[in-house]
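As written, the chain order gives the labels A, B, C, D, E, F, G, H and I, with residue 1 at the start of each chain.
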């Protein structure tokens, strides 16, 4: 069942906000507290917020399990692919081949305390994004699956 | 020194209202009245503590012109806004749920919602 | 690698190929003895039917001994043991956890004392 | 000194809320107490200078764990002992 | 009976775990060479300001892969639990 | 000695968590106990890495001081994820058991014994 | 200059413990949920204050995450209590 | 298309507010702006159907958006302060006379009723308990009803507020 | 170039291949069922090939060290770190390679088997995904040289196993078994994490080699030892912590049960790794050795006695698995008890350890085979209750032959492989303590007795009317069983070759702590 209109409106308003905040946490993982997992969990919680404010039946048309499953697998493939890319250029698995290289995310970080530049840290932001996508999908699927048993019970 | 005083006053107000909210939570007779205490007082109190931090950050920024204090101020404002926003909605949701689960408002002189639902 | 090496077990040895050879020899001997037996045995006659004090032979399906009846004597003899050991497997999760943590506690005592 | 008292209070609260989980018969209340426990442990991580872990615990403990526990309570039974009161 | 044993077990484990506060001191670790290396060289090696992230994703990145796989496993497991059974698949033996 | 209180609290919480698992018969209560136990272990790991007067190991906008150790925080992150994965799977087991057995009391969930 | 952030945080933590009393005695689940909600609000304030006390600007993010996410668990509880889940 | 653009702008603004103070291009660094645009597009792709669910773009008018901070810092803050003093008085004395009353609002949009309900919840002695989904009537729990107020079938929304006419403000913003 | 690449990175590929296959499996499953089967079997075959390649490499060239994320593959210790390995290190020595061979072989046989055994069920994509994750978990557990990494893989293994045990959700009992297994293993894993924390707090290291080189055996180390030891002993199902074993083994699908055997042996490997590599002679080896021996003897006796009156065929076999685990614990425990005493070690210690380790290999093969036959029977007649069976030998001839092979092997009848390893255990343990050896023999006799019972009640007797039209198991299942049966016979016929090439290096790798440490840290 849906919750009241006030809650629903607030969920609609908060969903983009939490989403962009979660993406901020994911992308700034190497500068501020946070990272892929935390940001992913924040985003997944925003999905859960929408689910709880509306109802499982309402949401099923908009947030589909297949999409989340694809997202989860895609995140993991990106993660493991980033690790494996190091193999292709002759380094061991998970070698940070982008750090200090000048490519994407490849700027060196100045030593000591500094405000930080987004474009640093090599593969770490890439992996953060990958884990963020994966956790986003994974935690959303967990809640959707558990709610589906309730929905089945109701009918 | 003046900022210190202002910050201290804000903090004291904030803590005072938070304490009142908790006191109300412990003292009032039923869910709805407790909700009055917690929602308004703790939101107000927490916003005031945030305000103290904002003023403090502003004074630091005024002194050093270091952009990190902008971040401090803005993030504190966002936290306070999110707090006020979510608190209002969640107390509404809780009140509605409490009423739906059949808790009657204690000492109530009138209950239009109960009548409407009946 | 020599495939005929023998497994030495500290105080003894064991060679399965030799054993297999011996087994084959014994099989051949057994077969020889068997082949010298009575040839007039025929299937389908009363010769093959079991003699049950003159009663008719029961249907084939009824003579199969089901598993629950096997080793009846064994379980009966060890009843005291089984009546103690079987109830330990209560099927209650808490008991299982208790056994695990209990063994941990016991081992802690033993190891710390004898360290 | 104040930090020590702060930690003492938070840790005492942790133990108290864990005991609350132990003693409350209503599973919903126990789940709420576990939520409270997870708030406090998040604060404790924060005090111990681990903001990454604090965010993680906040996101998981505050949002998701409570949510899935409540779904499970809804899907099973509310009170310990199984009888609906 | 069982409750007594359980209480004793908890007592023993508690006493054993109390060896931790006796032998280790809060706030001053016995050895810290590995973490000193992380703090001193982490920023230069991985170009990340957040040392925790550089430990999580670079120095111990393989653990993080394992962690994501754990989550994936749990998600697949939950999906398996709440799947819809095919017609005729349900049977009860014994 | 006063500074060892986090360790002592960790031992206490561990014991309470285990006590819930040992004494309580309700599955969801047991899972809450396991959650508490996991949280206690996380607390233990974090406490190991704390250095007195240290700051969080993040160079962004931080005063330059001694830093606390970073590895336990990384380990704890992993452990928290494992914790949530574990509770999700455990709870779905509980739901299925409720559907099939009509109870979630451990002393009634004992079709498998002996 | 006196450092007044830590004492303020300490007082708020003590207030959290007082709110936990309602969590313990609260006759109805709604009361307990209300207590948890209060604790959330106070915790956000505590986190902000501690972040300033430790002179760590970036710690405020934790407070934002907290403020946003505790909302979800409150909504879940409300939905369950209202019998709508 | 319009929802997509609006959501993207909304997300971008929030992202830029979050990362203010990071560099010297304005107060942002170049990489933050690029990342912000990318993330805003992602957010817009995911959430456009939620933020603009009603298909009503009245709120896209910047003037209305500018009114919101004015509203919050102006009349709303005054009412909140008064409300808190009132609650403080009641917490200390325990002098209450509660009741649930019906409030007619006449607001039509979701956002309007949402703002009104939140304003009511945060201001004097009142909490929105429920909402009538069709007529947008609010059921309000009042901690201290005036004598004789319980006999009214329903009251108009501006009667709840003593100092500033908040419903009028909300009408100006949201309708 | 390609073979060189694979050889160089084989430890990483060993984990990577099943993981990637598992991540993509749900989507391949959307295409068609055949594509999904080919994908899963192909991935498993590739994994097995890599495992064999790695094992061959390790047996011919010595311990492999693979460092994740370093700038060079074997650079365990960064040049400027002052002798501390800071990254996660895979250390594959002979013992790990042996376990990898076991997992690869059984895994491949089982996935062939499950192509047809699970065909009629829903959720088969998830089944394969979890299966591949399980393989990855086992492989990671046995190859890692880092304690926390070990814990992570342990969790992967237990979560995927728990989900697979509960695969038949239409039966409440399966979920019940999974629940019990999972609660116990979660608590066990958390206890292990406490122990890891203790090691970290004391030595500020997570690498096994570093901790071993710094080990002092203080009071905390003793407690940590017990925490790890009890948890891993519980995970490998030794009495009196075996309660989850019969439940989980009997309720899981047959193919998974065969893998669960391997999974418990991976825990056993972890136990041995901790005892021998992490502690070795710094601890009081005699005490711990006797603890392991006691657990082993209890497992043997209680396992086999509980097995005899069982009515469920898989439950009976599960109790036998407990009892056979006892043999391994006994053999290795005897080796542990005399560790540090070189003359006794030479006299019978090594032999006992070799017997125990050889038994691990053999047990994985024949117990896997037995469970697979039980699964085939269950597939055809739909019951596992021995009292309802009978006369199946007429229709399921191949299954019967495979069952005979497995049953004779587990009972230690020459010339199958069980006999060889049991003989080694008997004779070396007899030199240590004759009573233990006698107990082991009696247990072996009881094993034979109970399998005679099983054989009689399943296959012997006239055709029962209700099983008149039972068909032989389908071909992929038979192939899976045949692989294992061939290995059982081959290992039985040529035990010395197997012992010389596989087992002796493994046992020596386990005992020789110095070599392990120097392989990682360089120098000695």
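Just so we're on the same page, a contact is a pair of C-beta atoms (placed from the backbone, for glycine too) under 8 Å apart; a residue touches a chain by one contact, two chains touch by 3 or more.
None of these values were measured; they are calculated from a predicted model.
Shared contact partners of chain A and chain H, listed by label, are B. The interface holding more C-beta pairs in contact, when A-G is weighed against E-F, is E-F. The mean-CA centres of chain C and chain H are about 79 angstrom from one another, to the nearest whole unit. Chain I has its Cα centroid 23 Å from the Cα centroid of chain E. For the pair chain C and chain E, the distance between mean C-alpha positions equals 44 Å.
We define each chain's centre as the mean of its Cα atoms; on that basis chain H and chain I are separated by 61 Å.
Listed for chain F are residues 3, 5-6, 14, 18-19, 21-25, 27, 30, 44, 47-50, 55-56, 58-63, 69, 71-73, 75, 77-78, 81-82, 84-86, 88-89, 91-96, 99, 109, 111-112, 114, each touching two or more other chains. Contact of a single residue of chain G with at least two other chains is seen at positions 29, 33, 35, 54, 56-59, 61-62, 64-65, 68-72, 75-82, 84-85. Within chain H, residues 18, 22, 117-118, 128, 130 each touch two or more of the remaining chains.
Interface residues of chain F facing chain C in the complex, by the touch rule stated above, are 18, 21-25, 27, 30, 106-107, 109-114.
Within the complex, the chain I residues that touch chain E are 19, 22-23, 26, 68-69, 78, 80-82, 84, 86-88, 120-123, 126-127, 129-130, 133, 136, 140, 148-149, 152-153, 155-156, 159-160, 162-163, 166-167, 169-171, 175, 194, 198, 201-205, 218-220, 223, 226, 312, 382-385. Within the complex formed with chain D, the residues of chain F that make contact are 2-3, 5-6, 9, 12-13, 16-17, 19-20, 23-29, 31-33, 35-36, 39, 42-43, 46-47, 49-50, 54-56, 58, 68, 72-73, 76-77, 80-81, 83-84, 87-88, 91-92, 94-95, 98, 103-105. By the touch criterion stated above, chain G contacts chain F in their complex at residues 54-59. Taken together, the chain D residues at the contact with chain G in this complex read 2-3, 5-6, 9-10, 12-13, 16-17, 20, 26, 28-29, 32-33, 35-36, 39-40, 42-43, 46-47, 49, 51, 54-55, 58-59, 62-63, 66-67, 70-71, 73-74.
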